[in-house]
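Given below, in the form of structure tokens, are the structures.
Both of the next two complexes hold chain A, though its partner changes from chain B to chain C.
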Partner chain A sequence: MTWMGICWLLYKMNVKARMQYRLNFVLMTMLASVVTVAEFLGLAVVLNAFGSIKGWSVWEIGYLYGVLMTAKYVYRAFGSAINNFEPYLVNGQLDQLLLRPMPLLLAVITSRTRMVGGELLQSLTVLGVCIARLLSEGRVTPWILPQTLFILATGTVIMFSVGLATAAIGFWITRVEDLSVLTDNATTTACQLPLSLFPDWLRTLLLAAIPFGFINYVPAMHIVKGEWGGWTLPLTGAVAALSLAAALWLWRIGVAKYQSTGT
Partner chain B sequence: MKGLAKTFRTSVPREGRFGAVRSLLSREKRTVQAVKRLDFAVERGEFVGFIGPNGAGKSTTIKMLCGILHPSEGEVLVFGRSPQRERRPVARRIGVVFGQRTQLWWDLPLKDSFAILAAMFRLTRSEKERQLDRLNEALSFRDFWDTPVRKLSLGQRMRGDLAAALLHDPELLVLDEPTIGMDAGAKRQIRAHLKFLNEHLGKTVLLTTHDMNDIEQLCRRVLVINRGELIFDGGMAQLRGRIGMPTLIRVVYRREPKLPDAELWASQPRPFRIAGRRERELTVSCNRTETRVLDVLRALGEWGEVDDVLVEEPDFEDIVHEIYEPAK
Partner chain C sequence: MVLWILAKSMVRSRLQYSASHAVRTAASVIFGMIYVAIWQGIGEQDPLGEYGTEGMVRYIAFNQVILWLTFTQYGLGLEERVRTGQIALDLARPVHLFVFAAGREAGSIAYNAIFTALPLFFIYDWMFGLAAPREPAVWLWTAAALLMAVYSALCIGYGIGVASLWTVEGRWFHLLNYSLNFVLSGFLMPLQWMPDWLQAVACASPYPIFHSVPAGLYMGKAGPDTLLVPFLWCLLLTAGALAATKLVRRKVEVQGG
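Take a look at the complex of A and B:
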């Protein structure tokens, strides 16, 4: 069996284990879908009242939101262990994974599965509706489709890299939940809106330190607004690749610092 | 293992808001040397007991042996390979069981855990079946392997864990407190299984435990570790010779006993010493390699009419601790 085959087997087993608590699963799925819908409706109502914010229409902001949320939930689908890494360090769960003859990162990723079908569907719906509207208004060309697919991929990689780097820092400080609120949740919330709304320091932070700005805002300046040139897309790809390389490097050093837990 | 050492450097955790971030920035570090310069080698086919008080460095050593932790100094080699640099090849050749945690999939039947592990270790269907048959003979898990692991008894789960650790037919079995929390019956069963694995299947076993019976019945060689250092390496009989057979005798008298005064006590040395006294109750300790319990009781009978007697062997861990760390 190849590694892909083993990952698939582990995924199926995780789902099977999750299904042992079916009621809990159904409730969580329903709750999650309500939350996502409510979140975007809130944003839409505000935007509708103002018409547009600093030149960004509801549909353009919807596009930013759709790209960000789709990338987020694709990442959460396979990277939920990375996103919730603290228990692995605190309870020493990582010990078991280190005993498996698998690459560690693969073992971590396949050790936990979160089913995000509902959230992903909503994010894609928001994205689809906004793209359709932008197309019908003639503000973008059909090129937006392959370009969007590309930035969904790079966006997911950026999300994953930031998550992985945060998890890797856990090898030094153990408790990473607070840090992950900062690097993941807060930044995600900020990037639902165009970065041009924010003060310089925050914009710099979101472009240089935690490059969530490259998930949606930077490429959208080319794809949707047409204000920036075609160079933004290769740059986005480069940022994604660089983030991943840096995160993997940090992870590799961190693993040797793993302290496990006492018994 | 050569000059193996592990030092933990942890930042002192901060409480409250953004505790994690503040700990990261804090310079206050605490250094704990869990293992200092360990040197020992285990030969193929040996059954080695690895003991010492809590916090002695047993688990840390074992985790370095398995590639979970990286040594601060020195080196571990398993079959000539470093479990840190070549973690995956080493993982294929060792089986590890942590008694306090299971490596089975908690919510799934035992069977499914075997299926996953077989895939992970790339066993063919026939290899897997053959190995399961063989292990079932030793551990008989087939009658409960359809039950989710969380519903198994502790003894059953340990059999499952052992089988899971052995599925890929490793040459070395590393067991960290495999009988912890079990009742006497389950312990006896697990011991019989371990003996079988060592004697009939030729597995090398390294075992840590807090249960002296585990050591006495299974191990031909004992390593004692304390404060991160190896303080004894030899056979069980040798260890007995070194620490003797310390015994506590608690005697309750009908009336308050009349103990000889200090002068008399000094002039007539006795092979025991008084460890404690409370009204009608007297506790003495003796070494059974020097004297017999009966002789001690006879001597105690001279001091008053004995109402009740309790003889106990103190916890082995305590003795080891006491012997190597004389009264502070």
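Take a look at the complex of A and C:
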């Protein structure tokens, strides 16, 4: 069996395990949908009250939101363990995974699965509605569909890379939950909106250090706004590839430094 | 006395992770700046009514500061105690479970107040000018509103915590509570700017007592009569917490240990 086959088998086992408690599973899916709708409602209410922000309409900002959150939930579906890596280091769970006869990163990723059906449904609905509206207004061409699929893929890679780098830093500092609030939560909150709103230092941070700006804003400046050239798409792909390479490099160094939690 | 000891032990426990906490405070500063940037952007195209851009920046910054006073850990930590079986011992203690859980969490909130909210207040005051009120009465009413907000947050957190005795997915109630708080408390915008239907939903919920009421008092947009609503919610939520405890005592399902 190939590594992919093993991963798929472990993924299915995780899903089955999560569905063992049917009432909890249904409850979790329903609540997850409500939570994500409520989160979007906060932003939607502000946009509804004021129509647009700095030249970005409700539908354009909805597009930014839809791309970002879809990439986030696809990443969370398979990278849930990376996103919550602290317990692996604090409780010594990583020691058990080190004994498995498979690459450590795959062992970590397949050790936990998060069901994200409710959240994905919400983000894809927002994205679909916004794309349909932009198409009907003639502000974008049907090319938006393949381009959006491309940036969803690159966005997921960027999300995963930043998550993996944050987790890898845990090999040195152990407690990474609060760092993840900075690298994941704060950046996600910021990138739901056009980066042009923010001061230069924050924009630079979101483009150079934690490149979440490349998940939606940079490509959207071409796909939706048409203000930047087509070069933004290959650049986005290059940033995703570089981020992944850097994160994997950091992970490898971190694993070599790992000293377990002791007893 | 018991409360004091529980709170003090929690503060000591939190003090062990000061570096991690510093990162969280930095993240909080950035969160606040993101929300402030939204209103500065909107303020360029809209006068923003009675608040104005500067007023809205102060409103948002103040809300970001007080957020840390009502920010409780998931279920006041009761879920972990259910999972490990510790809850059986907690229920046998000669201290009411609510007092025990709330006392510990009060220590955590005191820690947040000193090491996050206070530094944030000074940082935002330096960056945006929070225009501290000069009348002692305004400080007094704001403090009363905040105390009731903290107490209400403890009651709601406790309600979520005891739900762990029946479901292993209680974390979603915590997230739901957090999300509803974000939308309905007036954290991101004053309630009066929301659509009528959402205002009605917000006013029927306890959430405005966390941000809308204290911020209104602090900014001089509301008088002490607004404290009646938080007071009534405190009574109602206390009754709910006591009733929930009585209910969970009948059937305790421990997951492991």
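Operating definition for what follows: the second predicted complex is superposed on the first by the 263 of 263 C-alpha atoms of A that agree within 3 Å, B and C clash if a C-alpha of one lies under 4 Å from a C-alpha of the other, contacts with A are read in each partner's own complex, and residues count from 1 in each chain.
The definition used in the following text is that contacts are C-beta pairs under 8 Å (C-beta built on N, C-alpha and C of every residue); 3 or more make two chains touch, one makes a residue touch a chain.
Everything numeric here is computed off the predicted structure, so don't read it as measured data.
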item: Chain B versus chain C as contact partner of A:L31, first or second or both or neither; value: second
item: Contacts of A:M102 with chain B and chain C, given as first, second, both or neither; value: first
item: Contacts of A:V15 with chain B and chain C, given as first, second, both or neither; value: neither
item: Which of chain B and chain C A:Y258 touches, first, second, both or neither; value: first
item: Which of chain B and chain C A:K54 touches, first, second, both or neither; value: second
item: Which of chain B and chain C A:R175 touches, first, second, both or neither; value: both
item: Chain B and chain C footprints on chain A, overlapping residues; value: 21, 173, 175, 177-179, 182
item: Partner chain C, residues of chain A touching it in the complex; value: 21, 23-25, 27-28, 31-32, 34-36, 38-39, 41-42, 45-46, 48-50, 52-54, 173, 175, 177-179, 181-182, 185-186, 189-190, 193, 197-199, 202
item: Interfacial residue positions of chain C with respect to chain A in the complex; value: 17, 19-21, 23-24, 26-27, 30-31, 33-34, 37-38, 40-42, 44-46, 167-169, 172-173, 175-176, 178-180, 182-183, 187-189, 193-195, 198
item: Contacting residues of chain B [partner chain A, same complex]; value: 8, 10-11, 13, 17-21, 23-24, 55, 59, 63, 66-70, 84, 87-89, 91-92, 96, 98, 100-101, 103, 105-108, 112, 115-116, 119-122, 148, 176-177
item: Partner chain B, residues of chain A touching it in the complex; value: 1, 5-6, 9-10, 13, 16-18, 20-21, 92, 94-96, 98-104, 169, 172-179, 182, 256-260, 262-263
